[in-house]
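Reviewing the structure listed below.
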Amino acid sequence: MNPLLVVLFLPLATAVFNRLFGARLGKGAAAGLACASVLVAFAFAADSVLGLAALPAASRQVLVHVYDLLDLASFRVGFDLLLDPLSGMMILVVTGIGFLIHLYAVGYMHEEDAGEYARFFAYVNFFVFSMLTLVLAANFLVIFTGWELVGVSSYLLIGFYRGKTSAADAGKKAFIVNRVGDFGFLMAIFLIWNAFGSLDFSAVLPHAAALSPGMATAVGLLLFMGAAGKSAQGPLHVWLPDAMEGPTPVSALIHAATMVTAGVFLVARCHAIFELSPLALGVVAWTGALTAFLAATVAMVQVDIKRVWAYSTVSQLGYMVLGVGVGAYTAGLFHLLTHAFFKALLFLAAGSVMHALHGELDMRRMGGLWRKMPLTCATMIVGAACLAGVPLTSGFFSKDEILLMALRGPHADFGLWLLGYLGAACTAFYSGRLIFSVFFGKPRDHHAYEHAHESPWVMGLPLVLLAVGSLAVGLLGLPGFLTHWQPFTDWLAPVFADLKAVPEASASRALVLGLMALYTGTVAVLGWIAWRLYTGEAAAHPADGEATSALHRLLWNKYFFDEAYGFVFVRALLGYSRWLWRWVDQGLVDGTVNGVAAAAQAAGDFLRGRVHNGRTRQYAAYLAAGACLLLGLALIYHR
Amino acid sequence: MIPAYGLRDLAVLGPEIACILGAALVLGLDMAFRSQSSKRLVEAAAALALGVSAALALGRLAAGPGSAFGGQVLDGAVPDVFRLGLAATGLLTLVLARREGGSQGLLHAEFYALLLFALGAMELITVSQDLMLSFVALETFSLAMYVLAGFNKAWHGNREAALKYFLLGAFAAAFFVLGMALVFGALGSVRLDAASALLSGGKLAAPREMLLDLGLSLCATALLFKVGAAPFHLWTPDVYAGSTTPVAYFLSAGAKLAGFGALLKLLGAVPGCPAPFPQILAVLAVATLLAGNLGALRQTNLKRLLAYSSVAHTGYVLVGLLGLGTAGSGAAASVLAYTLVYAVMAFVAFGLVAAAEGGLKRPLLLEDLQGMGFERPYFSLALAVAMVSMAGLPPTAGFIVKLGVFKAALDGGHTLAAVVAILNSVVSAAVYLRVLVALYMLPKSPDGAQGGARLSGTLGFAVVALALALLALGLLPGSLLALGSL
Amino acid sequence: MGLREVLLAVFAFGALAFALAVVSTRNTVYAALEFVAHLLCLAALYCLLDAPLLGVLQVMVYAGAIMVLFLFAVMMLDIQETGRESAFQGPGQVAGALLLAALLFALLVFGADRFPAAALAPAAAPGAPGVGADNVVRVARALFERGALVFEAVGVLLLTAVVAVMVMAKRRLEN
Amino acid sequence: MFGVGFFLALAFALFAVGAFGVLTRRDPLVMFMCIEMMFNSGNLALVALSRYLGLASGHALVFFVVAVAAAEVAVGLGIIIAIFRTEKDVNVDHLSELKG
């Protein structure tokens, strides 16, 4: 039996078992089983990937046929799995980080009763299975199935806390916004089916050039519509911040590390189609860049730490999409990999803080926590440093590569780079802001501070492992001028071997170093500004809706004026961000989504109230009108 | 010359004859044994008749297409599977009636007899090539259905449902009569095979073609009324909500199978489905999808929700019919597959409604399901599977059949209708999600249905088995798609 | 204009006039009687259109049996109550219904009557045995030879109707 | 003057009058009579067309339609009587509790 089948189906089997019998087994057994299954899956995945690595680079593709989904004379689709360097990397991420998050959840969820506990692990295992189906798919039908399954499991987990209306609403929103994206994906699949008569990647992607330019653009844009829904790219990002209603490990696993990267994965997988259409690639890149910048500015004013990380995730996904949009697939995927580590870490650390403070998430009520929870503090600083792009961390290398490609790559554009750069500056600011507000300065809520405590080892261990991983994973993709040892690029090279021009930035070493210096300087300055603003006694957090009084305080307090114009600039940006969040993001984008839903409901109510009013004779009138309609159409369109 | 009809002709109608003889048997048994114990006997006889009918339909399927009674009847793979599906739907209705019948006053010989008469007529209409025969069959099952809808006259809802259904159904039937007259004027007969022979031979002058189109459109009105296509659908929520649950299921699934079987025959009269039929179907499909999905969006009464959902599903099937003009689009097969899977999904849904409303003196509401997810795990999982399948998500059979109808429409060049249909599945996701939210995410409501929702006996077994079948067909859709090669 | 034409005109006018009377009469009993008159006009038209068998059938089954059922129902339901209420809903609904009915009529006439002769199937050659001469024999052949299956189906329909009426007529089905 | 077109037009007119009656009358019995009127208009069209085409098979169709209509009347009146037997007021509009 192929080890891939174990990787795929073991989590499913455990999920089913835990859902049915987990509650009776007790907590320990349910959790142990769930963790063990993912660990075993990881081991088998590693084994498969090692086996793949042993093959010569050009033939690193293993197709596993599970069974025929349908087999007609003209048309065959199998439940086929494809292991290649791309999916190999993804299964390691899903099972590896998935395992650490399982481990963390053992501690995090321990207050739930046995039934809920087993249910949680069943759902998470089911999610792992769904995500593996998605990444291992060898044709569009299987990838769509996986795509929908992760949607369903994400939805189940967002609404995990029963009786919480906000959780149910968030789950519904996530599901429906994703359906909008899926509509595009499904249309793309139909177009591909029509054009190629097959859904197998092996029959479609190598022959993508057969598509007419217009068709390639249509397919590309529709595929990206699906990708944007899953990867929370504006304006379909509205579901992701609300999705934080779910348990924290879920946020870490699904809404940061794995599922949301599915869109990036899809674009990378179908790059052959995107490469045919400069328009589609342009839309991808600009969507990514705008999302990266705008979401980063919104993150600057959030006070709920999970929401900060949520908008940060939207922003970082924007970078990945920007990366694949400018043709820097390897760079985008590398950022996917590093982000999976450090964002999982950041969410889990946030969960640890939340755990310590009994559910408190408002950073305005924290402060000085480093004394109480040094381990959480240290690991979160590591994660935030990676996120902010502090030099020599993994995030620094991966983001640097994307920005370089945006400036000098095959589809470069200065505007893309500028948006990316500004977004990176904002990222540095909000990362610093969060760390300093939570862990440094003076405690702002003494009662909560007194009761804070470090989390147990099952939660601490994953934090440490992820912190180490976050730092170490950067070594896989050091910049080209430092070393010729490029394991990540080499590993993915076979996947992107079909690209005509090797997507390498044509930049001089001086430019590269200059840019690195620029980023480093930016991070340092903004980090310092954040430190000054958020550790002092007069911590600069305005209360809700008190933007004017904060401005007032700013003017009143000469201290800030003395510092630097930078503060004024930051203030202005903060004001802008607040405006962006409140009016554009919450008002316009979210409002549109809600508005469409409300309009549909109003139309439904109209139908029910006015048309279905229970009066037989009125029904008969509609019947007669329908007959007239039929006759009229028959007369108009007669042959 | 007297045409010689013989046993060979009767053999083609075996499945119908089995139903009708079954009805006679049921009435006879009831008269012979007037005791409590005869109820089981009557039920067994009805089940036997349906089983025989199904077996004979299967036999006809294996035997290949057969023409009988001078071409008035023509079966073939698609009609035979429709007949099989109808017999199965009848059996499922018996299962539902067995559970619900006691409390809803359905366990009478007349109920079984009317059900069998209706099924016989429904099966007949799917093989009929003669509009007059179709009309008689249509009226036979309509009359039976009016009375089934009002079977329990003690209930106010039953009375209102019966009257509404009857008045509107008779009104729709009048259009059929006039349409038949116009077809007679155009052709000199009311035979569908005559129409297709003349049309494909190019022997029909343009004005006569037009008269034929008008006549067929009017006939289609009555059939579209039965399947609940907008704007002929307004009776559905009222009648489903007013009838007893087994009858509501029979009205939704049986009428869809028979109605679409008949529509396929009707459109077979115009080979290649030329204008104006695609335009008519496209307009109706869009209207039906919107009416069904939007109407269901805020519905709280579960039976009404299922009625609107039934309307929406009719819309999807109409989308599939759009591919009829294009060879190789598999339109007929997609319609067949969709209606069959709908019958299964609807059974699971109505079966669970029946299980949950047991003993409740008012209609079952969405809030009664709140918190069931964990108290009644099997009930809830089965309902969840049905809802996911109705929403058309993988890996369920609902997804596969939706793909089939979308593909048929796209192959027929009806991109816009397909896009509207796919967009509608976004709306419908919201509809079915509300059921899942109630089951799994909301706290138990204080005055929710108490004690019901237990899956037991034949109904429990059938519901769980068919919910699993929906999943299995989604994962192994080969058999479903094999319908395309019929 | 011969006698036949005059009779046709009279009965056609009568059929339409009584039809209008049925929909506009408030009292149900009168409406039923007007409907009988309408049916009798139709029967006369059938006879004039060389369908004597159908004319007789119309009188016996429709004007006779069916309308007796209607009148019986009117008696059973003690109809006076509705008589007092206005028969129609508000003017808006009447106007809407009028519009719909007019539209239906216009579409049908426009569709079918635009090509009065060409739109119809070719008529039988002159001299061929028509519908008039041996009408009963011809109808009988059509009914029992090629129509045998439909005839059987009508039998089942009537049986179904008997059972259905039985269900509706029983005061309460014993459990 | 009295060609087939005339009778078709008459049939359509009767059909429309019947439809108008169904849409406006509240008494189920009168509604039902109007439906019967629509059936009859179909029959009239069939008779006229049969005469024009010289086909007796149209008469057979009318025969069947009458038989079907008779069955429908029996069942329909059964339903109406069963429902309104206990009501004081015979009015379809009063049966509109099922709605929404």
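Chains here go by letter, A, B, C and D, matching the order in which they are written, and residues are numbered from 1 within each.
In this section, contacts are C-beta pairs under 8 Å (C-beta built on N, C-alpha and C of every residue); 3 or more make two chains touch, one makes a residue touch a chain.
Not measured: the values here are computed from a predicted model.
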| item | value |
| --- | --- |
| Interface with more contacting C-beta pairs, comparing A-C to B-C | B-C |
| Approximate Å spacing (C-alpha centroids) for the pair chain A, chain C | 69 |
| Gap in Å, rounded to a whole number, between the CA centres of chain C and chain B | 31 |
| Gap in Å, rounded to a whole number, between the CA centres of chain D and chain C | 6 |
| Centre distance in Å when chain B and chain D are each reduced to the mean of their C-alpha atoms | 26 |
| Shared-contact residues (touching 2 or more other chains) in chain C | 89, 96-97, 100-101, 104, 108, 111-112, 120-122, 146-147, 150, 154, 157, 160-161, 164, 168 |
| Of all residues in chain B, the ones touching two or more other chains | 132, 136, 139, 143, 146-147, 150, 153, 163-164, 167, 171, 175, 178, 182, 185, 188, 210, 214, 237-238, 299 |
| Sites on chain D at which at least two other chains make contact | 8, 15, 18-19, 22-26, 31-32, 43, 49-50, 53, 55, 57-58, 64, 68, 71-72, 75, 78-80, 82, 92-93, 95-100 |
| Topology of the chain contact graph, where touching chains are joined (line, ring, star, complete, other) | complete |
| Parts of chain D lying in touch with chain A, wherever the complex brings them together | 19, 22-26, 31, 92-93, 95-100 |
| Footprint of chain A on chain C - complex, ascending | 89, 96-97, 100-101, 103-104, 107-108, 110-111 |
| Footprint of chain B on chain D - complex, ascending | 8, 11, 15, 18-19, 22, 28, 31-32, 35, 38-39, 41-43, 45-46, 49-50, 53, 55, 57-58, 61, 64-65, 68, 71-72, 75-76, 78-80, 82-83, 92, 95-100 |
| Sites on chain A touched by chain C in the complex | 617, 621, 624-625, 627-628, 631-632, 634-635 |
| Residue ranges of chain B in contact with chain A within the complex | 163-164, 167-168, 171-172, 175, 206, 209-210, 213-214, 217-218, 220-221, 224-225, 230-232, 234-235, 237-238, 274-276, 279-280, 283, 290-291, 294-299, 371, 373-374, 388, 393-395, 399, 406-407, 410-411, 418-419, 422-423, 425-427, 429-430, 433, 437, 440-443, 475-478, 481-482, 484-485 |
